[in-house]
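Here's the structure, in structure tokens; my notes come after.
As written, the chains take the letters A, B, C and D, and residue 1 is the first residue of each chain.
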Amino acid sequence: MRTKLSTGATEALAGIPDGATIMIGGFGRAGQPVELIDALIEQGATDLTIINNNAGNGETGLAALLAARRVSKIVCSFPRQSDSQVFNGLYAAGLIELELVPQGNLAERIRAAGAGIGGFFTPTGFGTQLAEGKETRKIDGRNYVLEYPLRSDFALISALHADPWGNLVYRETARNFGPIMAAAATTTIAQVDSVVELGALDPEFVVTPGIYVDRVVAVGERSWLRHGIFIGEQA
Amino acid sequence: MRTKLSTGATEALAGIPDGATIMIGGFGRAGQPVELIDALIEQGATDLTIINNNAGNGETGLAALLAARRVSKIVCSFPRQSDSQVFNGLYAAGLIELELVPQGNLAERIRAAGAGIGGFFTPTGFGTQLAEGKETRKIDGRNYVLEYPLRSDFALISALHADPWGNLVYRETARNFGPIMAAAATTTIAQVDSVVELGALDPEFVVTPGIYVDRVVAVGERSWLRHGIFIGEQA
Amino acid sequence: MSLSREDLAAIVARDIREGSYVNLGIGIPTLVANYLPPGDAIILHTENGMLGMGPSPAEGQEDPDLMNAGKLPVTARPGASYFHHADSFAMMRGGHLDVCVLGAFQVSERGDLANWHSGAPGAIPAVGGAMDLAIGAKQVFVMMDLQDRDGRPKLVADCSYPLTGVACVDRVYTDRAVFDITLDGLVVRETFDTTHDELRELLALDLIGIL
Amino acid sequence: MSLSREDLAAIVARDIREGSYVNLGIGIPTLVANYLPPGDAIILHTENGMLGMGPSPAEGQEDPDLMNAGKLPVTARPGASYFHHADSFAMMRGGHLDVCVLGAFQVSERGDLANWHSGAPGAIPAVGGAMDLAIGAKQVFVMMDLQDRDGRPKLVADCSYPLTGVACVDRVYTDRAVFDITLDGLVVRETFDTTHDELRELLALDLIGIL
């Protein structure tokens, strides 16, 4: 196997062009690939479409990418939070486009992209504003909305360990969107706390098989684990 | 938590009526819940619809259930094998109905049932006999067939270990259909080699969360592991 | 004359059967956790990828990777499991949770739920998992005051706020009474220092109930 | 005058790039494994739930839980992973495998594949993963004899056998020549002791190729 290990975040991000669609893992801050996002800010690609559950918290990570005016559109389920001031300001000023997707439909659309499914009927959102204009169907007495896969050019995700094949394991609820985004992107870049030897991950316990991972960069223990605690805010 | 542990296979199968639809795990013999199938033969329920990847191998397990004439219909992807003589005979005599489903559509239909998806567009089978009469659609230039979820009243599956909450871990390629069938059945019954203490399974490594498992019966090391080796035959 | 939120949370907790898998929504429903039976009689789900969620950690023991859907630090019970977002929402959408408890702006007498969007012009919409929770569980309970701050009923003939889900609520716990939403209509299940006549006058809805 | 299956397997193996994820179908394609570079340059997938499949175990070391799609005992390489059937077929259907090698009854000049059903009356149909393999990989290679036992070409204008997939085959390796199926037509990629004229006569198909 050719190695998937990059020497650093900058190298790992090579080739991301202006106008790219990028999935970024994380639920709030847990699982957010902060070091990769910082490198993306430095790298300079702009006019990006970002797919994430949220729209940035505080002033760092995804919020800092937004503040740097690199993002023209965001697809997410929960932009408005007590600390989403960066997004709020851009949105109010008409400087960012928002596609709001119910969280489960967001997850299932991402999963469908990775799984080669052309579309699926979901009960979530039926009869609501978020299904307006969409095809609906009653199947076995229940109402569904047709939703389509959500793909991206790149995925930036965060995991706990990788091996040289790119197999990944995660930590607790930081797993969240990582596994499905890895499969839905053309090129998946994973930051991990550390890389372990081939064979060190039990094949029963691999969560993301390496086939879904193109580049791996070890960043050391993530800053969230070092600096940690944050204030809660709803979903 | 009320215990999910049954004292034996007979108790675990309580309440399976004539005419039930039952998913049975396993790919060939790996992951086949042989002890539960033996108990089902003894229990006597008949006119069953069985969902399995295959239609029985040799003279034991699922093949023995067929031989006992308890199965009126089988939904599977690969009935014909070198050792599927029991099914072959019943089918040739018109004594069993067959619904043939491509293996990936079988897996995805089972997954859809557990996931609350009303239907999905799959590229698999488009333009073939197995899509005849089914709705098709071209999405983003690719052709798809609409397939519907596959549910069951019961699932009989085999895993390696369970804890008292019904969390399951599997062994190697015996995992196959177990996790998705567990989620697709109204009542899921798992045979396991052994039950471990609550907390003994690492939450990172649980494959089937206990919410999908209703009854657990420890059978000791499975007979396949004791008596083992079998002859290969295609998928 | 009306019940405190804590007392109401205790009543909701009382109605959740042992062995249930439960998702407690953000906000007021979270209070229900304080009144559940001790031990592991009830297993809590959090949609960001965990079954077997435990209480808040002791101060200083917070783990940034272990949080609930409200992004507050939590713990894991023995027997817990983690899974990714598609698996977590499959669990919800697939009808595997026994009970989900949600807050609401409004509930209609047919069980329509409005709890995600004020509909105010200029407001930034944010839905999160609300629409998935609304349609997913075997039983969807709502906890809310029966009236808003201006005294207007929140249990209504038709929701004026944007809907979260259609005909999805099974039971509404309020500070004045508990209602079951049935195919026959709104059933008054229990009242708190409030008569049926008072409820009828307040709500202007047809009510069915044991007098 | 024509290539042995072993020699053909070696040629297929030569064309698979290092770092590829590959599924080798049941039967003749399995031979390709014997000619892949040593080590872990190529990672094998088996649709019953594994990446990183290794060779057959030593006699007496067979593990009944560890098998390939042909239900033959295999081993796991360091770096392997197991997953359930829906995840495995999502991997295939989602286009993540670089190469899939399949046997065939017939392939049409547009890349239609027939390999699952003889169509004979009374035959018990069995499809397994054939239709998923046909549509899933980035490149679908077929290995087959150019002619059947009766001398009839198996690379045809239109398949007479029931189809496994439509326009899904990218390349056909036969004992006489290798063909690329392109939007421009059938391209002769390489020949084995066979001239283009002989191929044209045998197949009665338009061929494009470097003479």
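Keep this in mind: a residue touches a chain if its C-beta (ideal position, glycine included) is under 8 Å from a C-beta of that chain, and two chains touch if they have at least 3 such contacts.
A quick note: this is a predicted structure, and the numbers were derived from the prediction, not measured.
Undergrad: So using the touch definition from the top, which pair is joined by more C-beta contacts, B-C or A-C?
TA: More C-beta contacts join the chains of A-C.
Undergrad: So the centre of each chain is just the mean of its C-alpha atoms; given that, what is the distance between chain A and chain D in Å?
TA: Averaging C-alpha atoms per chain gives centres 35 Å apart.
Undergrad: Find the geometric centre of each of chain C and chain D from their Cα atoms only, then give the gap between the two centres in Å, rounded to an integer.
TA: 53
Undergrad: Take the average of all CA coordinates in chain A, do the same for chain C, and state the distance between these two points in whole angstrom.
TA: 28
Undergrad: So which stretches of chain D touch two or more other chains?
TA: Expected reply: 50, 76, 82-83, 90, 92-93, 136.
Undergrad: Would you pick out the residues of chain B that each touch at least 2 other chains?
TA: Expected reply: 108, 111, 115-117, 122-123, 170-172, 203-204.
Undergrad: Applying that definition of touch, give me each pair of chains that meets it.
TA: Between chains, contact exists in these pairs: A-B, A-C, A-D, B-C, B-D.
Undergrad: Which residues, counting only chain A, touch chain C once they are in their complex?
TA: 27-31, 53, 77-81, 87-88, 91-92, 98, 100-108, 110-111, 122-130, 143, 170-180, 207, 224-225, 228-235
Undergrad: Inside the complex, what are the residues of chain C that reach chain A?
TA: 26-27, 46-50, 62-73, 76, 82-86, 88-90, 92-93, 112, 117, 122, 124-132, 135-136, 162-166
Undergrad: Note which residues of chain B are touching chain A in the complex, please.
TA: 108, 112, 115-123, 137, 139-140, 142, 144, 148, 169-172, 202-205
Undergrad: Using the touch definition from the top, list the residues of chain B that touch chain C in their complex.
TA: 1-2, 111, 113-117, 163-165, 167, 183, 198-199, 201, 203-204, 206, 209-212
Undergrad: Which stretch or stretches of chain D touch chain A in the complex?
TA: Touch list, chain D to chain A: 18-19, 21, 40-41, 43, 45, 50-52, 76, 78-83, 90-97, 136.
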